[in-house]
Amino acid sequence: MAKVPVQFTLNGSEKAEFVESGTTLLNTLRDKIGDTSPKGGCQQGTCGACSVIVDGELRLSCLTLAETCNGVAITTTSGLAEGGVLHPLQRAFLDTFATQCGFCTPGMIMAAKVLLDHTPNPSREDVVEALSGNICRCTGYEPIIQAVLTAARANSQNAA
Amino acid sequence: MELRKSYFADVRKDDLHEIGQPRPRSDSPGHVTGKTAYFADHNFPGMLHLKMVRSPHHHARIRSIDTSEAEKHPGVVRVLTARDVPHNVYTILILIQIGPEDETVLADGKVRWKGEAVVAVLAETERAAQEAAAKVKVDYEVLPAVFDMEEALKPGAPIVNEYHGQNYYLYDSGECRKVRFGDVEAGFAEADHVLEQSYQSSPIEHAPTETTGCVVMPEGNDRFTCYTNTQAMFFTLDNTSIILQMPGSKLHFVGGTVGGGFGGKVDVIVEPIAILGAKLTGRPVSFIYSREEEMQISSPRAAEKVVIKDGVMKDGRIVARKVTGYTDAGAYSRHSPYGAQKGAGHYPGPYTIPNVWIDTYCVYTNRTPSSAMRGFGVTIGDFALEVQMDKLARLIGMDPLEFRFINAYRDGDMKAHRQPTEGAALIECMQEASRAANWPVAEKFMAMSSYKKGA
Amino acid sequence: MALALQTFATVKDANAALKAAGTRYLGGGTLVVRAANEGDVSVSGLVRSTDPALSAIEINDGKVSIGASVTMAAIAGHPDLGALARAARAVGGPAIRNMATVGGNLFAPAPYGDFAVALLALDAAVGTGDAELPIETFLADRDNSRAIVTYVRFALPKGDSFRFLKVSRIKPKGVSVLSIAVVLEHAGNGTVSSARIALGCMADRPVRARAAENALFGKTLDPDGIASALAAVGEGIAPITDPIASAWYRAEVLPVHLGRLLLG
Amino acid sequence: MAIRRGRGVAAINYPTGMNLGGDPTQALVHSTPTGNFMVTLSSVDLGQGMKQIMAQICAETIGVPTDHVVVDTADTDTGPHCMGTFASRGTHRAGNAVIQAAKEARQVMLEVAAEELEVNASDLETDGQGNILVKGAPQKSISIFDVALSAHFKRGRSISGRGMFLIPRSYPEKETGAMKPSTCYAHACTVAEVEVDDETGEVTVLTVKNVFEIGRALNPKMVEQQLVGGSWMGISHALYETTEPYYPNRDHGGTDFNQYLMPGPGDLAETEIIVLERPSADGPYGAKGPGEMCANPQIPAVANAVFDAVGVRIDTLPITPERILRALKAQAAN
């Protein structure tokens, strides 16, 4: 089976792997590199649990082939906390009790981070739209929407 | 959310240190950092991937199975059929003496629903397992199938499951679980109005974001560690021990945080075959349902049909209620005989009715076996009961909420299954709902209490 | 055989590689990688091209050309394609829109392919390596198409002449019960002088509602004026039945939603 | 076109624990040398927060802060038997087992403290902050930290306890159905308000007001999580969910989250939750199981609201736009 080289940065650190051609980014991150924060909920692109940020854009790692990611910068939820300090989104998800089973949480946080990176003061409608590709079966979404709005408010207060 | 502490304050101690406190969840930091370990986050070198060859037919005899091409496929390590499974015919509730064993781990001679597991393929990669699965040749003789519960109960219907011999579960009480309380026919005769209505649901999926699965590691000490998202560790371990005819001491099940269950992960489906694969290959094995399998292969909440016949007086009292419930078990029992029986204990709902007749049936059809789900045996029944209540209220020209107060059970009332009511709180819930929804009811209802004088 | 991806700098070379059996073109991955993940073993090879022309958006004199690899997000965010933003945003959630391409949408079976419905109403031309076809012709024969789609080309709709509606059960991201795209032109007296109406989910691929288009000609956009078009919109449709809705339901509500779109 | 509004009510109860009982759960509790407590179980946390709740129950019973308690669960090599996490049984059954184990451990802890303080164990109480005090003379005290050290290294006592909770199985009488399905019931009443589009059959749930009686909210924020999520699932069941949309026909079953319909973040009803607490006689600190029942009353409440809005009864779930539209057309034809 043909192996192909893949090189990218993951949460700021250089990664280089040989993967079988056709391997998804999700499987590469989880099985090769050991970053299990992206979750495989469907492998169809319908649940969003595998969401990661590629060069600033939200992507579904289950539908992205690793070999198309050479030279990119990838961010996952495992890379958000800096020096043991949680990212404001992570803090908000904790404080507002927005996690239950937790399986959708890393993908939700990725989707929310891209939103806040581009739209620091989002409306509720913006948040709803940003989370619309991510399925949660436990919470009924409202606590997650509130967590993102809470994080946005915390950010703007810090900036002020 | 608001806690209304004014209710039941006389029977509650509120000065506790830890109970009643909104402490942060200990698991949340793991969730938000992606560090929480789910079963599929265990990954071992040399792990094999298991893919299932499934029946394309609703009901068919298996004439032959040819796995030779699949076994030769590059990357394939082992192909499993029914004869590899030590105790292939099982039923999960046998642990609490609810039999008979009626389901095959891998189909043997017959398939009874579209999607039933027939052959398991273990390969180095998921892709190789998928390709090899496509090369398994199964010769089927298609048989007549039955999908409708009423059709299934008619004489001459195709028999879905020979282990039962008829298309319903045989309780010790006969073809259904029965509750008989008072004289329901006398109640109908006495009633000002009699209303009989039928309610229906279709199967519902738990749809957890994490699909059902397990990862098995054969350990150096002749034991098998199974990382699983089962909702019931020992239930699964003990059934696996029976199916594999392996002492339970050889099995080590490790769960953890599960990515949502809702009742969908109490069947014992993936673990026995994955552990068998690990035993026969000596390699770690991963068997994880695809989303398509989770949606269509894993047990759903059963479709139910509920027929309710009520006798009601003009003054609002329900004097007789007859409920006939049908649970569509699909092709195998799993937890359905239990769920159907739970319905019998739940009807006629939280109301005090002097004459009650309940029959609940567990019916077999050629569809995906159903099983437990959040509200098992009750959810669809409550839909039926509470729509029926609305119809009855309108039938006699009464406010639907006031109608419920009139019939609500209170402490000491005898239930149809002959247990006195204890700890009732339906009336207080309705009083609070009346206030919250600005849906006023007569003062006498607002003055009621679940504490019944003299009870 | 493992799945293998081959990458080519030119569309020509990619087209040559696509001739191999079991080979599919990789656009955004939302269709073919999903198929491979789900065990579609008929897909054994993937081919893609990194030709920059495939990712270009060109707008000159009201004429638009969009490379086949351009994503829905790129269209939705393009300052000069505001008229199409709604149709582009109708596709998937944010992550899907960052991946799903114009070229891929032309192949998406109903209930998917909402952007192709818009392109059909815009009467786009679909370019492949060596040919250009009217979109209607292309869609009719898309199952036999082997050449890589390289661009779509159409005239930018003027003012508010382009209208788009997607009806779904789930908000904000759900697949279509139906989608409707309309391009209308008006005569000086306010009556409709030209109409193109494209429908999604009314067949296995986007279709034009010609009888309704004809019925709108010369009419004004008021309840009486559109009545005959609503009565005619169901002519020739064969709606899909799927988990979202039955053919019966789709046919029943099509005139309702067309009416709301035309009067809205 | 008309958007028509209606409201509906439903009231329900729900049994706690496995129907007819006979579903045991065990727990073990022991202290570490420095007075932290380990709860060992084999119960499974599905996301509802079992680990956190068991920690709070143990902490309350022993008399220490919750963060002095660690819960080790879902490992069959270490945790004693639990029937499983289902039937709204986790908190009730495992909670009772933890209380029993924690009480036994607490007794040993108090006995060691009594020896250290040279008083009777029955004269001691905990302050919930990690200290053991003499009743009426709180200046005479010892920390649990020191008690555990003493038990381990000086007195050779194991501060530990075993817990087992089993409601004996009830067997239904064959002819009458006399039985004991459950020992305690949670309750709920929901009022739903909807809008129905009478040209398309589309339903929008505007508000749901849910009142839940759950025995005891052991951790109010976590109870709220379950009740809010459950209310969403109830609405989802009412209007959207089915794996076989053309049941009993088996065709067109959904295979992904695009085809299996559930309300999205743009479909949320304004949700109000009110909680009442009538402690159950046999629940841990009075708790009942709220996890399942919280998703039930919305279904009939929405169905009744749809009738109130447009005057048609949909007695088949889910209440799809198609079913409503067919009923409206039949109604118009009559």
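We call the chains A, B, C and D, going by the order they appear; numbering starts again at 1 in every chain.
Everything that follows uses one rule, which is that a contact is a pair of C-beta atoms (placed from the backbone, for glycine too) under 8 Å apart; a residue touches a chain by one contact, two chains touch by 3 or more.
Everything numeric here is computed off the predicted structure, so don't read it as measured data.
Chain closest to the overall centre, judged by the mean of its C-alpha atoms against the mean of all protein C-alpha atoms: B.
Note: the chain lying farthest from chain A is B, by mean C-alpha position. Averaged Cα coordinates give chain B a centre that lies 17 Å from the centre of chain D. Chain geometry summary: the mean Cα position of chain A and that of chain D are 30 Å apart. Centroid to centroid, with C-alpha atoms defining each point, chain B and chain C lie 42 Å apart.
Among all residues of chain B, those that touch two or more other chains are 25, 27, 125, 127, 207, 257-260, 262, 290-292.
Shared interface positions of chain D, i.e. residues touching 2 or more other chains, are given as 46-47, 49, 221-222, 224, 228, 230, 233, 245, 253-254, 256-260, 262, 264-266. Each of residues 2-3, 36, 38, 172-173 in chain C touches at least two other chains. Contact topology of the protein chains: fully connected, every pair of chains touching. Of all the residues in chain A, the ones that touch chain D in their complex are 42, 44, 46-47, 97, 100-103, 127-129, 131-132, 135, 137-145.
Of all the residues in chain C, the ones that touch chain D in their complex are 167, 169-175, 241-246, 248-249, 252-253, 256-257, 260.
Residues of chain B that touch chain D in their complex: 1-5, 7-8, 11-12, 16-23, 25-27, 58, 96, 114, 147-149, 172-174, 177-181, 197-205, 207, 230-235, 237, 251-263, 265-266, 291-292, 295-296, 300, 303, 338, 341-342, 344-346, 349-350, 358, 365, 367-368, 372, 374-380, 382-387, 389-391, 400-401, 404, 408-409, 416-419, 422-426, 428-430, 432-433, 436-437, 439, 450.
Contacts from chain D toward chain B in the complex involve residues 7-15, 19-20, 22, 42-47, 49, 51-52, 55-57, 59-60, 63, 65-66, 71, 73-77, 79, 81-87, 128, 169, 172, 174-182, 184-185, 187-191, 193, 209, 211-213, 215-224, 227-228, 230, 233, 237-238, 241-245, 247-250, 253-257, 259-260, 262, 272-281, 285-286, 291-293, 295-297, 299-301, 303-304, 307, 313, 315-318. Interface residues of chain B facing chain A in the complex, by the touch rule stated above, are 24-25, 27-38, 40-41, 43, 125, 127, 206-211, 257-260, 262, 288, 290-291.
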